[in-house]
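Look for chain A in each of the two complexes below; its partner is chain B in the first and chain C in the second.
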Partner chain A sequence: MSQELTHWLDDLLEEIEGIKIRRKSSRRVRADVPADALPALLELLQGRAGYIHLSAISCVDWIEDDEFELVYHVWSYESHSLVSAHIRIAREPGVYLSVYDLYQPAGFFERDIHEMYGIHFEGSPNMEKFILTEWDGPPPMRKEFDSEAYVNEHLNWQEYNPPWLQELIAEGGGVIIPPEEQRFSRKKD
Partner chain B sequence: MRPENYEAQRHPPSNEFELNFGPNHPGIEGNYALKVKLHGDVVVEAKADGGYLHRGFEKLMEQRLWIQNIALVPRICVPDPSPMEVCYAVAVEELCGLEVPQRAQWLRVMQLELSRIAAHLFTFGGHAATTGMYSTMYWGVADRDLILDLFEEFTGGRVYSIYNIPGGVRRELPDGFLQRVSETLDYIESRLPDYDNLFFKNQVFVKRAKGTGVMSQEQALAWGVTGPNLRATGLAFDVRRDDPYLVYDQLDFEIPTEAHGDAWSRTLVRRLELVESIRILRQVVAALPDIAGPIRAPIPNPLAWNVPAGEVYTRVESSKGELCYFVVSDGGPKPYRVHVRGPSSMHAVQVLEKMSVGSRIEDIAQTMFSLDACPPEVDR
Partner chain C sequence: MSSIKQIPVITERKGNPLARVFDEFVRFCRSRSLFILHYCTGCGAIELPPAMTSRFDMERLGIQPMVSPRQADILLITGYVSIKTLKRVILTYEQMGSPKYVIGICSCTVNGGMYWQSYATAKKLDEYMPVDLYIAGCMPRPEAVLAGLQKLMDRIHSGEANSWEDYFRNYDYYLGNQQKLFGENWQTPTDIITEAKHYDLIGEGTLGKHTQLLEQHQKPLEALDMRLGHDLKEPTE
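After this line comes the complex of A and B, so read on.
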């Protein structure tokens, strides 16, 4: 990204109130904004700076701060740079706005985050279950959900000890393949 | 013999019926389903139904050490696992500020491009099979096997290489390996005219795929489509060139594009990419003997490795498109959060749903295979 463009982007982003910008590398910019300023920021980035590709929306559960962090990664095909816009929302009630009107790929990511973290996105076109169709427990990606404890509580461990394995263990275990029979032990001839 | 109180069930008159296309269907890639509503044989509504391959990788990765995750990540995308390893390893390196030795970077490029060729050959096979041309499938799978042989020798694993570790790669090249890569590339290159005659120029395929599953460039950009599917609409965007990683900025290669955005264009872009991948590999084979040095940077004891707190977003061009990892560390021995953005999460869900509507039932498989959707990376 050229120096000129960098300044231009900085000037543009300063229009957003409460924004903090950190340049991580020549093609990565981190922007922290208050949650209510995000739609305005994305609109600005998409409409006036060419960031038309929403690469992903990531969610991080900061359980100790009682907050969810949502990260919107947008890419510009013109300036070849990626802006990651970070916001924090309260864990309860865990509601935020959909950005589907701006970026259609958001539909998938918001549905995924809804399923995995239980965040509801107002205005998102489809909040139905997609991956965990038969799951009625808590949203599993939340930090308080301990998958190992859940398995121990609800499922039985199975003993797997078939006769062939018993024989193998009785013989000392392991299979030895002599070098000439190994398919890829080729050396220089 | 009907019971006396029998009364036939009456439905309101309708010409619509529902069909579960998948999860076990030869016209679907992997275990995945499309629930389609049909009017005659025209699709009026399609709903993607995933989750059959969900293994909870993102949750598992939060419970494993940084180094252990290297064995998990390739399993996220079965046909093209290598970009997963590289993308994760690069993320950890960026968090730690590790400088990866030059030789390791070239070795990674070799792994990635071999994997791309293998993945494309596999896709051609599946795609050809949707038009009933099974010979291409046999050829594609057989030729892909030659690359798996190389992987077995090179990394120890045929499908899941687990070749990268944060800081570099695990193994030095076996003796005479570059020669064998060259020979395999010669062979695959010599096969390309045969593939053209059998499949790409075959009128059965050309007439079937031309004009099927059309997506304009505006639609592709609005829907977040990347990779060969985007390039088939005429936009020459490739992460390898436009957001370069490893040593791709030192390599000479073209980005093939096609203008029409239909099934035929998408497959042709992949066919042309084979040539570019072979070209890149030849450069790597020529350069590697002159690049001496270690194959990995020294890392702390991997079993007691606290990665500095921070977050990073890394991108790699996989055979399906833009693959990204968002990795967050809280300074502990395990990742705090890993988000995998598989390229198929766009073109296998919303895009496939939108493109299926209005098409005929027999075009769904054609569309899906030409998009090269990979359900395991959607389900994760």
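After this line comes the complex of A and C, so read on.
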């Protein structure tokens, strides 16, 4: 049964132009598609293969390639399998189509991605602030946003080094990070 | 040999010779009947149910959870405080009746802990409200929580735990830090300056440039309109 389904799914996916399919395991398929072919792929998967559940849209910021990667995870309750559809869009202007008309939960995911990465989804019902309602800085998950610099600029930090810890360190205990292994800069008062 | 004139005379509380006894008694009672409001902001909250329930049982120390800030004595901040949450924490803290005590549980309340690098969390809780006691750890076990609470009880009994007065005496400092984080239009529904006058706790740091800024834009507080049903109806046009 499952073998038959696999072939059937492969045949179906071959209908999309420029698709690359990688089978990660018996129940996971990764499909890389050009950005303009994604709505057609999702429509096929939803309408003809039973992938009715959009479980998440994730976003990756590939700042060196100047691209955003969007990953649409769709799940089928019939074949118990997950298809992850990967697309790449240009970082500027960072606009893509909404899939709200296919999968209604996409409204929330797109709103979240808009807030965290600043990608605008055309046709999404609501692009208002979602969780960061009191945040007026840049979208914080973009790679060019330096969270550490923001913290150093806006917030103070204090060392926690009570006497009992100093005693432990003097005896050779405690957690000591040598300077060359300290990855982050900490603001000193 | 010391003459009777050399014996120090405590001049305060001259009127009633029993006043100091009463003070001691009041402090004793206060330290034995503590109601905690646990504001579970982060992961440290998971250590509180075992501390409250039969295994460690903080009720044997006279400490009980309480449902509302008005009735609570201790505000437990368990874990990281995001900047959005911090606003609510400050509102909650200001609603509590004095004397009130704040305990910061977990490393995150000390300096941000593992979230020190995050844009969304406040780092030093004691910049925004006076903290009586920190229980550091990630996370502190219920034994540590209980030890910290016992230490707070001792400090209340000995009269050292009076950091709540500091919020009134140095309100300008705390308000300044809050304004730095939340913007200049930050205002809470509680009028701290009037309250400080009420408690007779106006200090040198109560008023300053930050409270001036507050007074410039402060909207007078109005009672909420108590109506049933009207707001729920669809507007008819």
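Keep this in mind: the second predicted complex is superposed on the first by the 156 of 189 C-alpha atoms of A that agree within 3 Å, B and C clash if a C-alpha of one lies under 4 Å from a C-alpha of the other, contacts with A are read in each partner's own complex, and residues count from 1 in each chain.
Following the convention adopted for this analysis, contacts are C-beta pairs under 8 Å (C-beta built on N, C-alpha and C of every residue); 3 or more make two chains touch, one makes a residue touch a chain.
The structure presented is a predicted model; accordingly, all values stated were derived computationally and were not measured.
Participant: Can A:148 be said to touch chain B (first), chain C (second), both, or neither?
Facilitator: Both chain B and chain C are touched by A:148.
Participant: Touch check for A:108: first (chain B), second (chain C), both, or neither?
Facilitator: In the superposition, A:108 touches chain B alone.
Participant: Figure out whether A:161 sits in contact with chain B (first) or chain C (second), or with both, or with neither.
Facilitator: Neither partner.
Participant: For A:140, select first, second, both or neither according to whether it touches chain B, chain C, the two together, or no partner.
Facilitator: A:140: touches chain B and chain C.
Participant: What's your read, chain B or chain C touching more residues of chain A?
Facilitator: More residues of chain A are touched by B.
Participant: Which of the two partners, first being chain B and second being chain C, lies in contact with A:27: first, second, both, or neither?
Facilitator: First partner only.
Participant: Could you tell me if A:52 is touching chain B, chain C, both of them or neither one (first, second, both, neither)?
Facilitator: A:52: touches chain B, not chain C.
Participant: Using the superposition on chain A as set up above, list the residues of chain A that contact both chain B and chain C.
Facilitator: Dual-contact residues (chain A): 132-133, 140, 147-148, 184, 186.
Participant: Over in the complex, which chain A residues touch chain C? Could you list them?
Facilitator: So the residues of chain A touching chain C come out as 132-135, 137, 140, 145, 147-148, 150-151, 154-160, 162, 184, 186.
Participant: Within the complex, which stretch of chain A touches chain B?
Facilitator: Touch list, chain A to chain B: 27-28, 52-56, 58-61, 71, 73, 75, 77, 80, 82, 84, 103-105, 107-109, 112, 116, 130-133, 140-141, 147-148, 183-184, 186-188.
Participant: Write out the stretch or stretches of chain B touching chain A in their complex.
Facilitator: Per the stated touch rule, the residues are 48-51, 54, 56, 58-60, 63, 149, 152-153, 174-176, 221-224, 226, 235, 237, 242-243, 311, 313, 315, 322, 324, 326, 328, 336-337, 339, 341, 345-346, 349-350, 379-380.
Participant: Name, in rising order, each residue of chain C that touches chain A in their complex.
Facilitator: Those in contact with chain A are residues 83-84, 87, 107, 110-112, 116-120, 122-124, 127, 136, 180-182.
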